[in-house]
Each structure stands twice: as structure tokens, then as C-alpha cells.
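Below, subunit A partners subunit B and then partners subunit C, in two separate complexes.
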Partner chain A sequence: MNYQQFKRIKILTTSFVSATVAVAVVYNNIILALAGVIIGMIFLFFVRKKTKIILVDERVQNIAGQAARLTYVILTMTIAFLSLIFLGSGRRMNDINYETLGVILSYTTLFSIALYSLSYKYISKKYGETDDEQD
Partner chain B sequence: MEKQMTNKIKVYRAMRNMTQEELANKVDVTRQTIIAIEKNKYVPSLGLAFKIARIFGETIENIFHYEK
Partner chain C sequence: MILKKIDKNLITYIIGISIIFFLFIFFIICAQIGYDVKKRCEMAQSRYGGECVDALMYQVADDSSQYGKNSAIWALGQLGDKKALSFLEKYDTGKLLPKRESWNEGISQYELRKAIKLLRGGFNLSAFIWRN
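Then we have the complex of A and B:
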């Protein structure tokens, strides 16, 4: 199997999952939607395992890392900004629901930052960061 | 961004009648990565640079050039 064939299989599988979910939404059947998604995931997992072609290399990992960092920055800033808006408007209008939403979003922001810091520290240690002094 | 790293992969590939796909398979990367390296849009890791140089039987300095 070459890369083009793999790409075609991926597109077909995605189309199958999309169609299944669309039908499931029309018939209001959550089991059908879940089954479609799970079958699609399992099928792609086995295709990836069976294929001999290289799908991930250092460039792909580099791009994924940069995209993940960008996503983290945008998402965290958006959630933080929204939490401030909800907290502010909740207090101004004396609406407990808005304020609660603001608090939840604030904690989500903090959790996201903490998770990023922890994973950064862990990966940094894996790649040789040390507190030892230089000789 | 100024191009600091250039390379002669395309030339060496042509000299050996090797396709991008064949080179990619030999050094365990995707064809897109070889294309990006040839266009100087991606600077390979030292490990990958060594692998590419060994495939062509050359030293890294003959294939990759660092310009300040």
C-alpha cells in the first residue's frame, strides 16, 4: 500500500463515519453514531498498523508540536478572556449562572496552564534538562 | 527569513537516478519531508542529515551547506 492508497482509504472511512453520524442524527439514534465512529476508528487503527509506509517522521512531529503550542495559546487565552467576561457580567447583573460559568472557565484555564507546565517539565527532563551545575 | 541552510540533495539524487520516494523510503521519512528539505523549507535533524549523506556515500559537508 502506498501513501496515495492510504489517503484514499482514510477519505473513504471519514466519509463513511460522516454519513453514519448524519443518518444517526436524522433518526435520533446515538448508538448508531457511536458505532459508526468506533468502527471507523478501529478500522483506521488496523490499516495504520498494517501499512508499511511512513506516516509520521521528524518533520510531521515538528509541525504537530508547533500546531499544538499554537492551539494551546489560542485556546487558553480565549477561555481566560471568556471567563473574565462571564465573571464581570455575572457580578454586574448579579447573575449567579454567569458567575459560575466564569469561575468554571477560570479553573479550566488554570488547569490547562498547569497541565502544559507539567507536560513541558516532563518532556524537558526526558530530553536532558537538569538542575546540575556545569563542570 | 533568510535561508541559512542549503543542500544539494536534488543534484545527488539526479546523479543516482533516485526518486524522492525512493530516498524517503531509504531514510525512513515521508516524501513530503524530502521535498521540504530540497526546497530548503525544512532543516533536517543531524541524524537525518547523516542518513542522507550515507545514502549518497558523501560527507554531510558535501551535501549540506551552512551560510551565515
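Then we have the complex of A and C:
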């Protein structure tokens, strides 16, 4: 199977999963939605195994890594900025709805930063970084 | 033998993720409790006026409506203001509680005693987070 065929099958599978989930939502049937997603995932897994070409090379991994990093930076900064706005306006207008939203967004920002730091540490150790290299 | 094969780095990562996730959920719950208390205060103040604790005490004392009395007692317990202690103690019947009563059947003795316990200096970790 070449890359073009794999891409076509991937698009078809995604369409099938989307349609199943849409039908499941209309009929309020969570089992159908879960079954659709799981079948799609299993099917793609086997198709991927059959594909002989390298689907994910270093270049793709590098792009994905950079995109993930950029997404993290933009998302975290946006949430942090929004939390400050909500906290400030909540305190100024004495509105607890805004204030609580600001607090929750602040916690989300901290959670995101902590998660990133931990994941960074784990991955860097996995690829052989020693403690001396960090200092 | 099996433990040696398991990646130590991975275990540390999973434990770290679990701790961070637990802390995140805990802080969100604290924020939610704080929000609930402030919302009860706001509702009581809009009806009875005055300071938050006074408005909540008015709500508990108001016999014209049973609605919201238990949530007002809960909020008083969460706020931890000592001036509500003697007021709440008046409502304690002292009877043994077979089970937790429903909030729709007048003042819940279970909720009342929980609030009194907090006002007497009981440990309330979530309040420490959302009050500061």
C-alpha cells in the first residue's frame, strides 16, 4: 500500500467515524458513538501496520513537536491573559461570576505549565539527558 | 525482577501527572465551593441587606420561607465567622441523628452540626484555599 492509498483510506475512515458519531448524537446513543470511534481506530491501526512506507519520519515529528510547542505557548498565554482580565474586572465590578472564572482560568494556566514542565523533564530524560546538562 | 524492568522515569512521570491532576481538581473544587458561598451571600444580601453573615443569619431565622435555609447554614459554616456560632447553636435540638435528613424538610440537623463544628474551629482545607 502506498502513501496515497493510505491517505484515501484514512479520509474514508474519518468520514465513517464522523457519520456514525453524528447519527449517534441524533439518536442519543452513546454506545453507537463509542463503537464507531473504536472500530475506526482499530481499522486504522491495522491499515497502518499493512503500510510499508514510513508514515512518520523525523521531519514530520519535528513539525508536530514545533506545532505542539507553539500551540502550548499561544494557548497558555491566552488563558493567562484572560484570567487576569476576568480577575481584574470581577474584583472591580464585584462580580463573583467573573472572579471565579478568572480563578479557574488561572489554575488551568498553572496546570498547563506544570504539565508541560513535567512532560519536558520526562522526555528529555528518556532521550538521555543527565542532570549535569540542565545546570 | 519485574520492578527492575519497569522504567523508573516513566513511573515518576505517571506519579507526577497524577499529583498535578489531583491538585488541579482539588483547586477547581475549592474555587467552586468559594463561588457557591459567595453566591449564597449575594442572594441573601439582595433579600435581607447588610453584611454577608448577617444576611445569611436573617435567612435562617426567616420563618416565612423554608427555601435556602440549609444552604445558608452551610455557607455560614464555610465562612467560619464566630458571630454565627451562638446563633446556630440555638437551632441544635441535640437529638441523635439516625441518618442525614433531606434539605427539603426544614433545617437539617446534620448540616447544622457540620456548620457548628466548623465554626468551633474544625479543619476546613477548602475554605483556607478560597478565602485567601
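Going forward, the second predicted complex is superposed on the first by the 124 of 135 C-alpha atoms of A that agree within 3 Å, B and C clash if a C-alpha of one lies under 4 Å from a C-alpha of the other, contacts with A are read in each partner's own complex, and residues count from 1 in each chain.
What we mean here is this: contacts are C-beta pairs under 8 Å (C-beta built on N, C-alpha and C of every residue); 3 or more make two chains touch, one makes a residue touch a chain.
None of these values were measured; they are calculated from a predicted model.
Once chain A of one complex is fitted onto chain A of the other, the partner contacts of A:Y122 are limited to subunit C, with no touch recorded for subunit B.
In the superposed pair of complexes, A:A114 makes contact with subunit C only, with no contact to subunit B.
By the touch criterion stated above, A:F81 is placed in contact with neither subunit B nor subunit C. Measured by the number of subunit A residues touched, the leading partner among subunit B and subunit C is C. Using the contact criterion defined above for the overlaid structures, shared-chain residue A:V103 touches subunit C, although it does not reach subunit B.
Those residues of subunit B that touch subunit A in the shared complex are 24-25, 28-33, 36, 42, 44-45, 48. Residue ranges of subunit C in contact with subunit A, taken from their complex: 9-10, 12-13, 16-17, 20-21, 24, 27-28, 31-32, 34-35, 38-39, 42. Within the complex, the subunit A residues that touch subunit C are 96-97, 100, 103-104, 107-108, 110-111, 114-115, 118-119, 121-122, 125-126. On subunit A, the positions that touch subunit B within their shared complex are 3, 54-55, 57-60, 62.
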